[in-house]
Each structure stands twice: as structure tokens, then as C-alpha cells.
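You will see two complexes here that share chain A, one where it goes with chain B and one where it goes with chain C.
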Partner chain A sequence: MTDDPLLSVRNLEKHYPITEGVLSRQVGAARAVDGISFDIAKGETVGLVGESGCGKSTAASSIIRLEEPTGGEVIFNGDRASSATTANDERSNDVTEFDDERLKAFRRDAQMIFQDPSSSFDPRQTIGGSIAEPLEVHGMNDRARRRAIVENLLEDVGLAAAEYDRYPHEFSGGQKQRIALARALVLNPDLVIADEPVSALDVSIRAEILSLIDDLQDRYGLSMLFISHDMSVIRDVCDRVAVMYLGEIVEIAPTGEIFSNPQHPYTEALLSAIPTPDPRSTREDIELKGKVPSPTNPPAGCSFHTRCHRVIQPDEYDLEQSHWRALLTFRDEVAEGTVDVEKTRQALGADAAGDGDDEGASDAAVKRQLRTNFDLPETLSDREAEGTLTEALDHLLGGEDDRAGELLSTTFTTPCEGTEPALTDRGTDHQAACFLTESEQSFREPVGVRTD
Partner chain B sequence: MATRDADSTRIDVLEGDREGDESGEAAEANVGWRYTLIQVRRDPTALVGLAIIAFMGVIALIATIDAVVFGYLAQYSFFSNLGVEQYWFARTYWVNPAIDPANPTPLLPPVGFENTFGQGTWAHPLGTDARGRDILVRLFYGTRIAMTVAVVSTVLALVGGTIVGSVAGYYGGWTDDVLMRASETIFAIPFLILVIAFMTAFGRDLTFAMVGVGIATIPTFARLIRSRVLSVREEDYVEAARAAGLKDRDIIFRHVVPNSFAPVLVQATLQVGINIIIVAGLSFLGFGAQPPTPSWGQMLASSRGYLLPNPWYSIWPGLAILVTVVGFNLFGDGLRDALDPRISNQ
Partner chain C sequence: MATDEPSTRFDSVDWEEIGGGRELTTNFIGVAVSVGALFVLVLYDVFVVPGDTPTFAAVGWGYDVTGLDWLFALSLVLFGFYGVLPLYQNARMTRYYWREFRRNRPAVASLAFLTAVFVIGLLGPLFIPSPTVDLFAKYQPPVGFEVARTYVINCAGPVVNGACQGTWQYPLGTTQNGRDIFRMIVYGMQVTMKLAFVATLIVIVIGTAVGTVSAYMGGMVDEVLMRYVDIQQSFPTLILYLLVVYTYGGSLLLLVLLFGLFSWEGTARYVRSNALAKTEEEYIKAVQLSGASVYRVIRRHIIPNTTSSIVTDLTLLIPGFLLAEAQLAFLGLGDSTVPSWGQLIAAGRSDLSFAPWITLMPGFVLFFTILAFNFLGDALLDAINPEAQAEAES
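Up next is the complex of A and B:
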């Protein structure tokens, strides 16, 4: 039992149904969380990182059952929940199956810290009352004792006991986040889920709160799930990191490993977004282009292929990687019908206005402009590819958008959109879901991260 | 400048709290309330409204004591020996010895006016009605009916609407559908017809007037609070309360309702005014206080036939209704400004 992880998440899913019409017929689902699995050991901090909208927060609230997950298991081995199990061995430790009574016991063991400190306290309740509320719920009816515990805790998080009777609006964001910590710790839980606890704070206060979290974690022996979109915060706090993209975990590894040897292009892009303090750094930033795909209709195959800067070329081409990326983006937009030739022509015409040419720009100029818009070069290095592109542009200008789209879609394909990559081992404790293998990536240098 | 004033008041309020209150819960209720009252105090129209309400309230209170409490106490010899009797107040201070009950003078005008029935006298400052009863006294006792019925029916609607609306908004889904569709069904039936049908079924009694009007206005409050609850339930502190293991019922009544209550309070104040009109309307139609119990609407109804010989007969009860309703509306507007600074700053 002692070797078991505190929390094991297995294939957790949270799909929001999309309904239509008066009868609320379900026409689809937003796959906010689409089968994620990871473990948290006792005393460990696991980071969950990803851009906004990738399902991190949904994952958190599904794990703690603030929202009902639609699939998967969450096995929790906290002290109190376990003792409840021994009373009746039939029952598993799956949080998603807990009845009301066990859920209440689970609430003692697992607490949450919210992102926005300004909305996480009832404005009509004193902060002492807010912190003491969980105690009251779990049966501590002695008012004086509740107060003593809370005052103690307030001092632990760096506030004065006298602040007990003050109201939330009298505190700054950083102070409120300290209070939120106190509230999360008041029941002495085993697990704390922190949903972007510092992203609403100033940088200077952020460091204080992070070190406070670290301190308290040591003192209380907490396990943590730390959710953030900010890699630099993750580096300070976490033992292991799971990277999420569009409801799925694309890479999971110990923190040091993920910073020194990222195996997934998305991780790489996230890492490159960390600002470097060195102004002479020659690191090249990776800028992800394109819209984040909707979780209602995730792209086929690897869900990242629509934005991936390392998207794989089929064997027959040997284009420059950035040109290949541009080509695929162009292909997708033409297929979606979002490329507006007339608008481009008018924009060009407006630039060249004044010479009385009502016709707008010439076809050649429009084609050139389209290429620049999509970062495509004047000519592609591969002649066959160039031929197809020119033909597609001709179709586009001829108003035959469908034909252009079809031509591009059938000619340019990438292995990434075929099947979905599974998480594969990339070293000790290190897994990533990408078709690029270890060997193909070995030419890479660690992206702009100082591994000191 | 205005904002700075508001801020400094706010700080004053808070400091007052810290010095004055030992227990956390008393302070909890005070922050909002005292702040609101201070805001209202700065608003002259709201103060006028408050003064009218207070005036009417005092009259209603005296009338209630005189008509109901004294009437009850007079049954016991201990009190009746002390001189307590029903309408003691009116008899002592009002009934002019010069009036001969056997020979009433009907339809007199107010003091200083004259009509075919005679000259207005101080014995009947506002004149008399068709049976020669003093209009001022009847207005005085009519206040009791108007205020009681309006306030009680509003409180009924407030409580019912708050429960329905907050439960519907908090749970959403089919609970929401069932409750709100039911409310809309009530809403769809013309108001007076609903109340009259209710009273025809259960009795033409003031009690049923209150209950009927209360039920018929539940949807107004339910909708109002539901719309607020929909946004409040998404706040992190509600999630936090759930994460702490609070029961839904506690979350709703400890966190959600108190934070959704401001617009409902404003609506309640305005609704009292509306209900006064409705109750007067019901009395006018004969549903409500039954004669000889005086009520404003019934006075209006009986004055209908004497509009030409003595218009004052109908002017006075109309004026009483007007003033009271305006009082509640002014106060409601002031309260709205105090509770929602965004509107007042425009």
C-alpha cells in the first residue's frame, strides 16, 4: 500500500455534450479532457501545463469531482479514504464511483486552490469564516477551537491572526492567495490541486507565493497537482511535468528531463516561450501559428499537426521545414475556404490606388501576395511541389476554390494526420506522443533553456 | 470627488465594524447594510421616499394597535377596566362630540369648501362620505389594510421567489426547466384574473388576497434572482464551498442567495408599491377587505357615484394611494442606486 501512488488518474475523460433543437438531441461533444493518465506519488508535485483551453482546469475539477467526469478512473489512496475502504473491501478507491458519504471524506483529503483570488472568497464572509468553513462542515462545532486553528494557520501563511475578522476586499491579490492556501490546508489534506495559483499575481508576489507553497508542502507533507500555463513557474515548483494539448497528455517526464530534453514539439514551443534574462541570447523563438483547433472537432491523427513546426514531410519531398509548414497551413485554409482572393486583390489595389486602375492588382501580384501572406517562398525548392502549388493558385484565382482545395489536399499529406501517436517511452520515466523518434530528434539542441 | 467620498465612507464603515463587533457573524451582515444605508442617506429623493414609508408605517401601526390589539385586549376585564376598548384612539382623539351619530351629514366637503350638502367643518377635516362617515378616519384605518396586505404579499413572493429562483438557477437542467416553466405559466395568466380566481376558489378574504397576490408575483422574483444566481454560481467561492464538502442547501443559502440578493431587495421595495395598487384594485372590484372594514380601494369604489356632487370623496383615497406608492418607488430607486454604483455614477 505504501508504494502505491497517492493518486492515479486513468483515461480520465470529460466530454461536454453539444445539443441542438428543442429535444436537446446530442449532436456532438466537446472533448475538454480526452483520456489522460498520470500518477502522483506521496509528497510529489506534478505539474500540468498547456495553453488556455487545453483542458487543464477541467481535468482538475474532474479529478476532484467538482464536475462529473464522463469516463475513466481516479484512484485515490489517501489515509481517510483508505480507512473507509478497509471497512468494506468491496468498494474500490475510485473517486468517480464515490457515494456522498465517501465523497465527503474525500473532500477532507483533497483540496483546491483557485486561479482568481478575487473571486474565490465570498465577499460577504470574513476571511476567518471562509477558512473555518471546511472545519465546520466536517464536524468541528467548537467555535473557539475553530478560531484558534484558523488563527494559527493565518500566521503560518504569513498573515496576522488579527486578520480573522476582515473581509476579502481589504486584502491584496497576493494576500488573498495566502488565505486561499490557508483554506486549502485547514483540513490537513493529502492532496492539493492548485489551478494556476499564481497566474493572476504580479511577478514579484508570485515568487513569494511559490516559495510559501514550497515551504508548506514540506511541512505538511502534501502531494500537489500544480496547473499552470507558465513553464518558468512549473520549473520552480514541480517534480514531474505533464504537458497537455487539446485534452490529451502529449508528454510527461521529470522536470529536469523535460527542460533539458523535450521530446514533443509542443513542449519545445512552450519552453521557447519562457523569457530569457540574457539579452544576447541567440535562441530562436518558436512561434506557433494558426488557430487552436476546437475540442469539438479535433484534427485527425496527431492533434498538434495543424500547428506543429516539425510536422513530418513524406519521403517524396525534401523541402525546407518552414516551407513545408507554410504549405500545409495554406492547404488547410484553402480547404476550409478561408482564403479570400478578392479581398487580397482589393487590399493590393488600395495600396496602389491613385493611378486610376479600377481593375485592382494583376493576377501575378495577387499570387505573390498570397504567398507572402502564408510565408511561402517565391518558388518551392521541390519542382513537383511547386508545380502543384502554382496550379492550385491558378484554380484559386479562377474562382475554383473547391478544386484548389482538393488538389492541395490530395497532393500534400503528412504521416502526422493519419493515425494518432501513442505515448512511447523516451527514457526513464519519460513518455511522449509524437511520431518523430528519438533518433530523428537527436540533431536537436535543447531549446534555449539553461540547465543549471 | 464623488468616488473619493464613497471610498472614505466605505473605510469608515469598515473601521467602525472592526471596533464595534466581537462576533464575526454580526459584522458579516453589517458591512453591506451599513454601507447601503449611508449611501441612501446621501440621496434626497430616497430620503423623501423613506419618510413617506415611515409615516405610513407609523399610521398603519397605530391603526393596527387600535383596531386589532385593543379589540383583542378589551375582551379581558383587566384591560377593559383600564379603559381599553377597540378604536379607543379614534374615539378619544377623533370623534367630535359635536357630531350626532343619529343625524349624519353625508358628502360634506373638506374645511373651507362648500357644496350643496353644506359647509366643510373642522369636525370632518377632509369631509364625509355618502353615509356621513369621516373620510380622514377611514383613510387612517385604511392605511393598515393597504400596508399590511402589500407588505405581507411581497414578503410571501420574496421568500417563494427566492427559493424557486435560486434552486432553479443553481441546479440548472430539468429542475430549472420545470420550475421556470411553471413560473412562466403563472406569469402568462393575467394578474387580476389569477388573483380573483384564487379568491373565488378559497374565499373573498384579506388573507387570501395576500396569499393570492403573493403567489402571483412569485415569478417576478424567481426570474430576477435566477439570473443573478446563474452568474454567482460560477464564482470560485461557490466551487470552493463545494470542494470543502458543503451541502448544496448550505451553499445556496449561505453563499449564493446573499450574493444575489441586491436586485431582489430593490424589486421588493418597488413591488410593495405595485401591490398597494393591486390590493386597491381588488378592493375596488369587491375582492378584499369587506365593508365596513375601511380600505382605500373600497372607498374609491363607493365614491364612484358621487363624483359630481362631492369629488373630494374620491380624491382623498386616490391621493393616499398615490403618495404611498410614490414613496415606495422613490425609496426603491434610491436603494437601487446604493446597491448598484454602476447606475448611480452615470
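Up next is the complex of A and C:
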């Protein structure tokens, strides 16, 4: 035993090439996982959380080498791997460099549970056969012994040994997740990666499976990487949490710390999505506006700035935060050319037509409507900003979309889009990547987060 | 472990002492032993038995086993160990399939009919003497038919109003040289079985291998294999066959080999498209994670899960073979030494006006065989589909 973490992920990258044409020329890359680093200590559960498409599952399959990562290192210090190193010091413990033989040995050390219980078992194999298969692959040729091991294991996960000969379609989703756990455990691994293991289950069954996972983890000293998009599940299971956004880790901290003192606005937004049992709770939900940027073309600077509700204002303005957010969203959409003045006018005209007014809506009405569409106030509190916005709206209505876009882009800028924030320390074992909290150490006022 | 008894707890398995190597299944041992025995017999036939003596003359069986027979025996062995034995080994699954299958009445009848064709075709020629030329018994009508007395020389049955009546001596009548049509049909069944089994064996092996490997490996492997399939699919097999017949003379073995080697492209394509969907399933990832080899993933998971598409494709392919053989025989391009149904149909075409049974009897049998295969394929597709059942239950 050493004090090294069981698993160290260093700058792991998985970029999918985007090719074009007959010769498959590479024209770009989808940065599904773009340089993530974290450690998992022995016996620890680390949560990896983020919305769909942020690269959590890709990270998992790259770590366990279901897919080949395109960069970075995954250092694995399992007991067997360590003994292999002492035997031959030249071989590093980098999973990404393992040859076939070591990879096969690594398969005994790290296993995975998948999200969808209905597709994670071969429908033509008995579940006993499915669980026993890893044993068979690793050379246990004694059929009776395999069966005995699997039957014991089935009882460990709360099923009857007699279920060995049944087929997957004869089990419920919760039972199948128990069987999946059994299959993941059968080679006695040190690390189990659970990719959204309960998100396909009913809430009532979810708790059972989570407590079973907890139980087994204690009993067999497993380390876990627990992937989820659900913060409430993460709170129950994990020791530490890494929050992922668009292929990067934006915040990583012990679970208690991240729930009481989130240092990244995205974490804050995720936390606000946890349902509260208290109907009198006055917490307001943070709704992230704007669409999720594509990993093929991530935004410059902080990748979250396009949706961040706390996006930083330059010193010259002192607008209400929500107005500043709305202004930036408006700016981006105008620059992209997705604001359609004529459509807005027609929509207004159609409404007005019911009142017997055939004329198209007036310019003033259109401007008002555009402001409403983008949650902008009647007038901005800052006179200078208001002046620019009015001018931009005039350009827009005058059909000069480009000028409007240029004007808005040059006037309204945020420090967030300039440079990319690095992960910096926010206390013991707590790191986050955000300029706002870097300077102020904490949010000015907690928005919608219970700190109990 | 202190005890000698190996531990049955997963967390106390000593992996260092586990040897590895491949576990031999009953099926594999069975196939290996049978194929080995077959191989020895082939060597015996080729090197020990003189050219024109029957293979088993030593035990008093006067039949000279041909190359096609050896292939037929091989396909029967594989069918037995990889087709029938697994049904017995997975009795619960089999019973379930059977329950599903039984709902389809025409398919059950078809299965019975095909089983009869199989058994009679396989064993019939051992018990029923081969049809011999007997010119005095030509144009005997089948039971319930009659023919003008002028066409027959010796009428086996009674003669009523100058017409010869059929008798049970020749239940399906005789041909223009007095061969018993019933016996010819029985002997034809064996030809049909050989054709179906051997050509199918070739198609199933190549088609499944190419289809699943292509789907699972993807990338360059997929590209190369599928482009080859494209090329072969545009190859005119009929012209090749005509060329071969012209050069070497028609032979059933050549026909079967050509059928097998040049008609697996459709199967490969079809299997690939079905296997593609399976390779994306999470259970394939789980198996990969256990460290299983590519061969194991394909052999143990992808192939079993594409069985329904393979079986359905075959039930459509076999009728194609049978019809093609009959057509070639009818055109006079078949193997004239083989008593196939197609030959018999062709033999009767000049006597259709007064002795239609010569063509009709084998024609009906061929028709019903093909119909039975089609019904069977339809029902099998419905039966071998546990996912469909799981969906229905949930």
C-alpha cells in the first residue's frame, strides 16, 4: 500500500476528428474531453457531474480505455499494477500506454456499470452467464467454481442464487442494476466507474441501489468514479465532486464544501436544480439561458460565459446583473444574425390585426417587443449603455444588422471572454475556474442556494 | 488460500494461480471429433480405396461417396452441434421459442413437411431401391389417373374403356423410360438436401463472418470488405456457371460451390446492418471491459444476437437455390447424372400433353418445399426475438 492516489487523471483529452471529403481530411475536432485532471484516493468516491453532452461519459470510457484518449495520462496504482511495477520498473502505470497484456490485467482492476439496465445484458445469455463471463475470459476454466462464485455474488447484491439461469428480460430495471453491480464486482476490482447507474430507475428503487453501492463499497474497499447529472444523488454518494462543463472541469471540491460554498456559477446553477422538500422555501431557481455551445467550437475565454448568470461587467457599467446578462445574449444573437426584425414585426402585426389594425406594427412597438423577447428592461439604468442599445436597435430596424452587431460587440465586452480562467485554490482541496470568485473569494449574495 | 478447495468468493480468487487457456465446450469437442473422423474417412477414400470401388466396400455398402457427400456430411455435423444441440442445451429458451413458433399454424405444418423431406431425403435412399429403367412400364399413370392404352406397353393396373388406370405399384406413375416417379422424388430429396445444406453452409460461414467482422471492426476493415462485396455482387455468376459447364461439363458439386461462393454478399450485407445496431449496445461494451478478445465478442455475442436475421435470410436463400437448380436443369444445363427434381421436371416437358404427372409431381413437391421455407422464415423471425417479448411484457 502506498499513499499515492489509486487513480490520477492528468490532462486527459479526447478529441473526435471531424473529417470532410473523399480523402477524410480533418477539418476540426470535437473536444469532448479537453484536458481534465483529478485524483481518486483508495476507497474514495469521486462524483463527476455536469449536464448531458458535457463529456462525462466520454471521460469515463477514456479513463477505462473503452475509447483511446487522444492526450494526457491516466496513472493507475492498483495493488496488482504496483507489484507489476516493482517487477519491472521501466513500465509506467499509465493506463493509456498499457499493452494488450497489461490492459487485460487492468480489466481485473477497473470495471464499469452502465446507465441503461435494459441494454447492458446480452438478451441471449443467462444473467449467470453474463456475470461469469469475465471469469471465463480471465481463464477460470472450472465451470462449477464459476457458478459457485456467481451464486454467492448474486446473494451479495440481494438476489437469489437460483436466478442464475434466468434471462435478462425476466428482471426489472432495479434488479438488472444489481446484476450489473455483480458483474462489475466479479473480478474483484479496485475501481468501479458508475456511469449514471441510477438515472434510468424509479426514485424509490434509486435509494435501494445507492445504499447497496455504498454497502459494497465499504465491504470491499472500492474506489468509485460516480458519474451523474443529478446533484442530489451526488450528495448522497460522493466524497468529492468534480463539476464538468463542455469538456473541462470547472470546479472540484469535497462534497460538503461544494454544496455549501460553490465557487463557480455553473455549480451554483446545478445546485439550484435540486428539488427542495420544503414548500415554503423561497429559493429561486437559476435558469441557464442560451443554448449549450458546441464542443467543436467552444467559446473563447471562459467557456461558460455565454450562459453565465454572473457574467462579469466591465468597470464602466453598473447595470443590474440580469440586464447585463440579457444585453450580452442580445449582443451574441445580433452578431450571429439570428434576430429577425421582420418576423417580430409580422408577429406583432398579426396580433394587432385582430383589433382591426391592418398596418404593420410601429417601429416603437417592434423595439419594445425585441426588448421583451430578450428580457431587456424599458431603459437600462446606465445612460451610456442605454444610448448604445437604442442606437443598435435603430440600426437593426434600419436593416443594418452588421452595423448593429459590430456596435454591440465593440461596446459591450466582458473580461470573461478575454482569457480562460485557470483552476485556482479556493480553500482546502477546493479549486474552481472563475474570474469572479477568484477576485472576491465568494459570491456577493448567494442566489438561490441553501447554505444549510 | 490455505484450503485446497478453490475459493468460491469472488474477492478471494487468486488470479496468479489461474492458468488461462481456452475452455472446451461440448459443442466444440463434438465438432472437433466428428470433423476429425470425417477427415480420416476422406483420406481413406482418397488414398486407400482404389478409384472406382465403392468407399465402404469393406463393410459391404456398395455406394461410392462423392465429394459433395463429404461436404454434406460436414454441414450435417455443424448443423447438429451448432444448430440442434444448443436448442437442447438451452431448453428453457427453446421451449419459449417453440411456444412462440407454435402460434403460427402454417409454419408448424411447414416445419413438419420440411422435417419429412429431410428425413426421407437422408434415409430414404438407404431403404428404397434406386429407380431403374424399365421400358415396358413406361408412362404408367399415378393412382387415380388414367392414360390412353396406346401410350403404355404393359399396363400395371386394370384397363377400363381403353384407358390404363394407375395402381399403388407406381403411386406417382412412371416416366417415359419407366422409372418410378415416387422413388425419383425420394432420391431427388437427397439432392435437394445436399444442395440446400452445403450451399447454405458456405453462405452462412462466409456471410456471417464478413458481416459481423465488418460491423464490429468498422473503419478500414469495413470499407475493404464491403467494397469487395460490391464488386462480387456485380459479378455475373450465371455467365461464370455457363462457362464452367461449357468447359468442365455440368456437375452438381460445381453448381453447389458456385452457388455458395457467389451468393453470400446479400447475407453479409444484411447481417452487417443488423450487427451494426448490436455493436452499439452497452452489453458489448461490458464484454469488451472484461478483456474479451475480438473473436469472443463476435462469436459469443454479436453472432448469437444476429441469429434471427441470419436464419431469416437463409430461409429466403434456400428456396432461391432450389429454384435456380431447377431452372438450370430445365434448360438442360444441370448435372444430368443426378436425379434432381429439376431434371425430372425437365424430363417430362415433351410428354406434357398426355402424361402431365411426370412434370407435375416433382413440380408440386418443389412448390411445397419452397412455400414451406417461406412460411418457416416468417415464423422464425417472429419467434426468435426475445427483445420483442420483453417490450410486450413491460
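One rule holds in what follows: the second predicted complex is superposed on the first by the 431 of 452 C-alpha atoms of A that agree within 3 Å, B and C clash if a C-alpha of one lies under 4 Å from a C-alpha of the other, contacts with A are read in each partner's own complex, and residues count from 1 in each chain.
Note that contacts are C-beta pairs under 8 Å (C-beta built on N, C-alpha and C of every residue); 3 or more make two chains touch, one makes a residue touch a chain.
Worth saying up front: this structure is predicted, and the values here are computed from it rather than measured.
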{"item": "Fit or clash - chain C, chain B, common chain A", "value": "clash"}
{"item": "Which of chain B and chain C A:Q111 touches, first, second, both or neither", "value": "both"}
{"item": "First, second, both or neither for A:Y164, with chain B first and chain C second", "value": "first"}
{"item": "Of chain C and chain B, partner touching more chain A residues", "value": "C"}
{"item": "Contacts of A:R280 with chain B and chain C, given as first, second, both or neither", "value": "neither"}
{"item": "Touched partner set for A:K343, first chain B, second chain C, both or neither", "value": "neither"}
{"item": "Partner chain(s) touched by A:G128 [first = chain B, second = chain C, both, neither]", "value": "first"}
{"item": "Partner chain in contact with A:Y220 - chain B first, chain C second, else both or neither", "value": "second"}
{"item": "Contact residues of chain A, present in both the chain B and the chain C interface", "value": "61, 64, 66, 103-104, 107-108, 111-112, 114-116, 119-125, 130, 133-134, 137-138, 165, 167, 183, 187"}
{"item": "Contact footprint of chain C on chain A as seen in their complex", "value": "61, 64, 66, 80, 103-104, 107-108, 111-112, 114-116, 118-125, 130, 133-143, 145, 148-149, 152-153, 165, 167-169, 180, 183, 185-188, 220"}
{"item": "Complex contacts: residues of chain A adjacent to chain B", "value": "61, 64, 66, 103-104, 107-108, 111-112, 114-116, 119-126, 128-130, 133-134, 137-138, 164-167, 170, 183, 187"}
{"item": "In the complex with chain A, residue positions of chain B that touch it", "value": "14, 17-18, 21, 24-25, 27-28, 31-32, 235-237, 239-246, 250, 254-255, 258-259"}
{"item": "Residue ranges of chain C touching chain A (in the complex, touch as defined)", "value": "6, 8-11, 13, 15, 18-21, 23, 92-93, 281-283, 285-293, 296, 300-301, 304-305, 307, 386-387, 389-390, 393"}
